[in-house]
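The following pair of complexes shares a single chain, chain A, combined with chain B in the former and chain C in the latter.
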Partner chain A sequence: MSQQHNHSGLTRRQLMKALGAASLLPLAGGVGSFAIGGQHAGRVVVVGGGFGGATAAKYLKRANPAIEVTLVEPAETFYTCPFSNLYLGGLRGLDKIAHGYDELRDRYGVRVVHAMAEDVDAEAHRVTLSSGESLDYDRLVLSPGIDIRWNALEGYDEAAARKAPHAWKAGPQTELLRGQLEAMEDGGTVVMVAPENPFRCPPGPYERASLIAHYLSQHKPRSKVLILDAKDNFSKQGLFTAGWERLYGDRIEWVGLSNDGRVTRVDADRLEVETEFGTRHQADVLNVIPPQKAGWIADRAGVTDDSGWVPVKPETFESQRVEDIYVVGDASVAAPMPKSGFCANAQAKVVAAAIAASLESRPAPDAYWSNTCYSLIGPEYGISVAGVYRIQDGHIAEVEGAGGLSPADAPDSTRALEAQYAVGWYNAICQDTWGTTPGTA
Partner chain B sequence: MRSTPASPPDALRRRLLRGLATAILGVGLLGLSLPALADGPWQRLDAARSVLGDTPPHTEGLVLDLPLVSEDGSAVALTVGFEGRLAEGDYIERIDLFASDNPSPEIASFHLTPMSGKPEISTRVRLNETQRVIAIATSRQGEQFATAREVRVTVSGCLMRGDDAPPEPLSNARVSVPSRFTAGQPEEVRTLINHPMETGLREGANGETLPRHIVERFRVSLNGETAFEAELHQSISANPYLRFHLSPEAGGEAVFEWRDDRGESARHEASFELG
Partner chain C sequence: MKRVFHRMSAGLMGALLLAGVTPALADDAFSPAQLEVMAGGCANCHGTDGRLSGNVPAIAGRPAELLASRLLAFKHESVPDTTIMDRIARGFTDEELTALAQHFADIYPK
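Moving on, here comes the complex of A and B:
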C-alpha cells in the first residue's frame, strides 16, 4: 500500500480512526473536497469511465445525491468501442466517438479523478491510485473492461500490437489500424484474427470486417478481407453472411475453426499468421483480436476466477468472492448477456440501485436487463439482435419470446431503417451514459 | 512407458494442486478417509458405473479442463490429462468421458498404448444443457481414477448459428504431426476432419428426424501397430477434433484412419523420423 496520501484522504482516515467506526454506515462528516461540512450517505468509488462505470456513477447520484461518488478514469476523453468500426470504415471521425465527464462532474456532482487505479485493499476498503492518492470506500464498483492476454496467442505481445493492432480498445490502436488501411495498396489483403468465446462485443469482428470491406470497395476495389476464426459459429452469422453476399460478393472470406481457421502463431514483423494445421496466411494489414480477460485491477481486487473473468451474484452484480465490490460490464461473467456496452450500461443501473438500497439497509430491487446489439454491414445496411434477461433458478436467463433478431429475408429498406436505428441507439446510450451526443459525421 | 508424465502445463498442474488441497481440506473437515470421497457423480451415472470396477476410483490424479461457463454448447473445448502416479511399468490404457445430462451420456473412449506417450487428450464436445462432465481413467493394471467438472451452458444473447450446408462427411482430413520425434519424448499430434456428426436426435427442415451419422472410430497406427484409438459418440462435436500425443519407438510411417457408422472411411499417412 502506498504511504503517500493526499490531504483529504488522510484527514478522512484520521477522522474515521477517531470515530472508531471505519465500517459503520452512514458515516457523518465526509471531508472530501466537495462534501465539506455536508453529510454523505456512503462513499462509493467507481473504477473505469466507460459504459459501465460512467452509468454507475450517474445512476448512484440519481438514486441518492447524498452518496459521495468518485469516478476514477485515467483518460479525460473516452473513445467508445461501439461505432469505432464506423471510424475504421471512414464513416465518422474519431471525435464522433469521443466522450467526456463534464456532465457527471458539473450536473451530478461526481468527483472525477483522472488517474489509474493501481491497487485495491478489499479488507481495508481502500483503492490506491497512480497519483498516490488513496480512496476509502463503503462500496466499490469496478468497470475495468478488458485486458489483452498477451502471449496467450503465440507471438502476440505488446510489441506485436504496435505492428498488428488489435484495436479492441478504442483510441490509439484504432487510429493505428485506420492508418494502415489507408496506407495499404490496392490489391492488398486485410487479415483479421477472431478469438474464441468469451470476448468483448461478439458481433464486433464481423461488423469490422464489413465496414473495412465497405472502405475497400470505395477506395481499393481489388483488395479483400480474410477472417480467420477460432469459432465455428458467431453472432448473427446468417445475417452477416447474407449481408456480405449482398454488398461485397466475395470480398470477405470467412474461415471457421473446422476449416483450420484457428490461428496459433502470429509473426507481426512479417505480417504473417499460422493456423493450427500449419497454413500460413500473409497479410498486408493484420488485425489480431486476441484472447482477453477482465481488466487487471479486477485481479488486484481478488475478484477474478480461473477463467480470468469475474463471477458475480446475478441479483446485484456484487462479486461472488469479495464483499462490497461490484463488477459490471465486459469484466463480469454475465452470460447469456453478451459483453456489450449496452449490457454494461444496463448492469450499472442494477448495481446503482443495489448499492443505493444496501447503503440504506434495504433489499435490492428485482433485477432485469435488456440489450440490443446493432451491427452495420454497410452505411445503409443494419442488423440487430435484442434480448431481455431476468434471473431464473439463481442464474441470468434470457426471457423467451422477448427480444428478437432482424428478419432473415427483408428488403433493403428494412436494413436502411435499422442502420438509422443503430445511430439513434448510439446517440441515446451515449447521452444516457456521458450526457454527450457527438453528432454523426 | 513413462509412469511419470513429462512436465505438464503449469495451469493444469496448478489446478491439480488446488484440487489436492481441496481434497485434503475435505478429508480434514469431514474426518473421512480418501476412498470414501470416491462416491462421486460417476457412481450416479449408469454409463460411467459400467466402466468402473469394484474398488472405488482414486479421486486425484485425473484432471479435466473445461470452461466454467460455455456460450456455445455445440462445441465445448475439453482437455483431460492424467498427472497422478502409477506403479513402475503401469500406464493409462483407457480414458472414458461422459456428459451426465446429455440424451446419450457417452462422449468418447480413448484407448492408449505405451506409444501414446502422454495421457493428455483434447477434443470438443456437445453439451445440451448445464451439467457435469465425468472422466474415468483406467490403467493397464486396473487402477482407476475419476474426476468431474460442472459446466454451465448458456447460449449467448448475440449468438445465432448460420444455416450453412452441413460439411461433406469425412472430407478435409487434417493432421499436424511432427516430422521428427525424439526417442522417449511424447509429441503433440492434432487431427481434424469434416463430418456432420449428426446425432440422430435432430429434426431437419421438413420436421423429420435426421438419421444418426457419426464418425465412430479413429485409429492411429505406427508402422502397422495401433498406437492410439478412439471410440466416438454423438456427444462429440461436428467436425471431430482430437489432440493427443505420440511417442514412437522407431521411425517410419503413421497412418490415421477415421471410420463412420455407414462404413465409410478416410485415411491420412505421414512419415516421420526418430532422432
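Moving on, here comes the complex of A and C:
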C-alpha cells in the first residue's frame, strides 16, 4: 500500500498524471505563449485570495504543478465572514477567523502578490496592479467577492457605514459592530436591516441575529434584536423561527416585507431607519446589510451585466462575455447555488480542472458541485441546508432527492451534533482553502 | 481495478451487482481528473484529500469496502447516526459513490 504514495500525499495516479503533464509540456497545444524552453504549462492569474480565489490557486497547482499561478490579493491576513457571527456573539476571537497565504506560497508554489488588481485588458490578456506591476495571463480567474452598492439604499454610503456598520466583509467592520454591541447599554435595541435576494450568504443575517441574541441573553438581558427585512421569506426560516423560540423567547423580532419591513432610508447619524410605509425605527446599534454587486474589478474586466453580477457558462464558469476569464464565488450568477463560501470553494475546483484541461487542449471533466450552509442559532444549536448540483439541459440544477434541510422535529442532541459538525466544517474548509485550521475558540 | 474486486465483501458485491454496478466499472469509469472534481466537495468537511480528522471523521486511506458500504447505506438505508451524509450521498449514483470510496481509500492518510 505505501509504495503507492509519496510525501506530498498525492495518489500514484495523481502523481503520474502530474509528471505526465510536465513531461509533455513542449507538445501541449492551446497555450498562447510559453516561456522559452517550455518552463511552464501556461500562466494563470487569480484575483482575490478569499474562498474562491485561494482554492482556485491551490487546485490549479494540484492539477498541474507546471502551471504558473499568481494570486493577487491586497490583504496579508484574510478574515472569513463564516464564523464572524461567532465573533460578534463573543464566542470566538478575531484571530480564530484569520488565515494567511503561507501554504499556497511555500507548499504549492503559488506566487502571492499583495496588491490590488486595478485593471484588466482582456484583449492583451493583461492585469495591472496597484503596485505598478502588470501580469500577462493565458487564463484569468476572478473571485473578488462582493462590493456594496453605496446609496442604493438612501442614506447608506461609506460614511454611514462607519456609524452603522454592514460587517458584510469581515475585518474592521466586524470589529466596529462588536465594539458597539459591547458598548450598548442593557435595554437597548439592535436593529438589523436585511436585503432582497440575491445577496452574500442567504442565512447569514439570521445566524447573526441569533448569535447577537445569545450575547445579549448572557450580558444584556433586557435588550432585543429587531430584523427589518425586504423579503417575506428567508433561508431555513422554519428552523430559525423554531430555534429562536426555543432559545430566546421573544428576544428576536422579525418583520418581513408584507408587514412593512422594507427599509428605504437610513439616517446613520441618528441611528434611525425608515420603512416603505413611513414607519421609523430607532436603534441603539444599527447593522445595515445593504444591496450588493460583484466586486468592481469584474466591471473593469467587462464581465458583469446590468444586474451587477457576472453571467458565466455553467459547465466551466468562464465568462459569457469575455474569453479566457473565469469568474467564481459570490461575483458569479450561479443560482440555484447560493452565494456561500462552500460554493465559492466548490466552483473554484471545477474551474481549476477546466483551466488545467483547456491548457492541455483536453475537454474539461464533468462538473460536480455541492453546498452545505451550517448556521448556529446558539453555541450548541446548529442547523443546515445542503444541495448537490449538476448540469442539466445546459443549466445548473439541484439533483433531485438530494440535499435539503435539517429535520424540523430533531431532538436537541441532533442540534448539538450539527453545531459540532459546523465547527468541523469550518476547520476543514479553511484547511482546504488556506491550509490553516484555527481550532475552536 | 482488480484490487476493488478482491477487497470487497460478498454482501457489498451483491448490493453493487443488484444496483447494476460492476466493480471494474466502479474504478475505471472515471478519469483521475474526473474523480478529483467529483471528490472536490468532500474536502470542505473532510479536509483536502479527506485527510483531516476532527469531529468529522477522516476518510483517506480507509478500506474502500468500508467507505463504500457506509456511503451506500447513507444513500439507501435509514442510518441512525447521520446528520448530513444522507443528504449528500443521495446526490450521487451508486457507481459514483463506489468510485469515490476507492478514490479516498487510495490516498495515504497523513
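The definition used in the following text is that the second predicted complex is superposed on the first by the 403 of 441 C-alpha atoms of A that agree within 3 Å, B and C clash if a C-alpha of one lies under 4 Å from a C-alpha of the other, contacts with A are read in each partner's own complex, and residues count from 1 in each chain.
The rule is short, and it goes like this: a residue touches a chain if its C-beta (ideal position, glycine included) is under 8 Å from a C-beta of that chain, and two chains touch if they have at least 3 such contacts.
Owing to the predicted nature of the structure, the values given are computational and were not obtained by experimental measurement.
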Task = Return first, second, both or neither, reflecting whether A:S384 touches chain B, chain C, both chains, or no partner chain.
result = second
Ask   = When the two structures are overlaid on chain A, which partner does A:E118 contact: first (chain B), second (chain C), both, or neither?
value = neither
Request  = Considering only touches as defined above, state whether A:G403 meets chain B (first), chain C (second), both or neither.
outcome  = both
Request  = Kindly classify A:F342 by the partners it touches after superposition: chain B alone (first), chain C alone (second), both, or neither?
outcome  = second
Message = Quick check for you: in the superposed arrangement, does A:A428 touch first (chain B), second (chain C), both or neither?
response = second
Common interface residues of chain A - those touching chain B in one complex and chain C in the other = 371, 387, 403
Message = Residue numbers of chain A touching chain B in their complex, please.
response = 196-198, 202-203, 231-239, 241, 257-260, 276-278, 305-307, 311, 333, 335-338, 340, 371, 373, 385, 387, 389, 395-398, 403, 405
Task = Name, in rising order, each residue of chain C that touches chain A in their complex.
result = 31-34, 36-38, 40-41, 43-49, 51-52, 54-56, 83-84, 87-92, 103, 106-108, 110
Inquiry  = Can you tell me which positions in chain B touch chain A when the two form their complex?
reply    = 15, 67-72, 74-75, 77, 152, 154-164, 167, 172, 174-176, 190, 192, 194, 238-239, 241
Query = Where on chain A is chain C touching in the complex?
reply = 2, 4-5, 9, 11-14, 17, 59, 62-63, 342, 345-346, 349-350, 353, 356-357, 362, 365-372, 384, 386-388, 399, 401-404, 406, 414, 417-418, 420-421, 423-425, 427-429, 431-432, 437
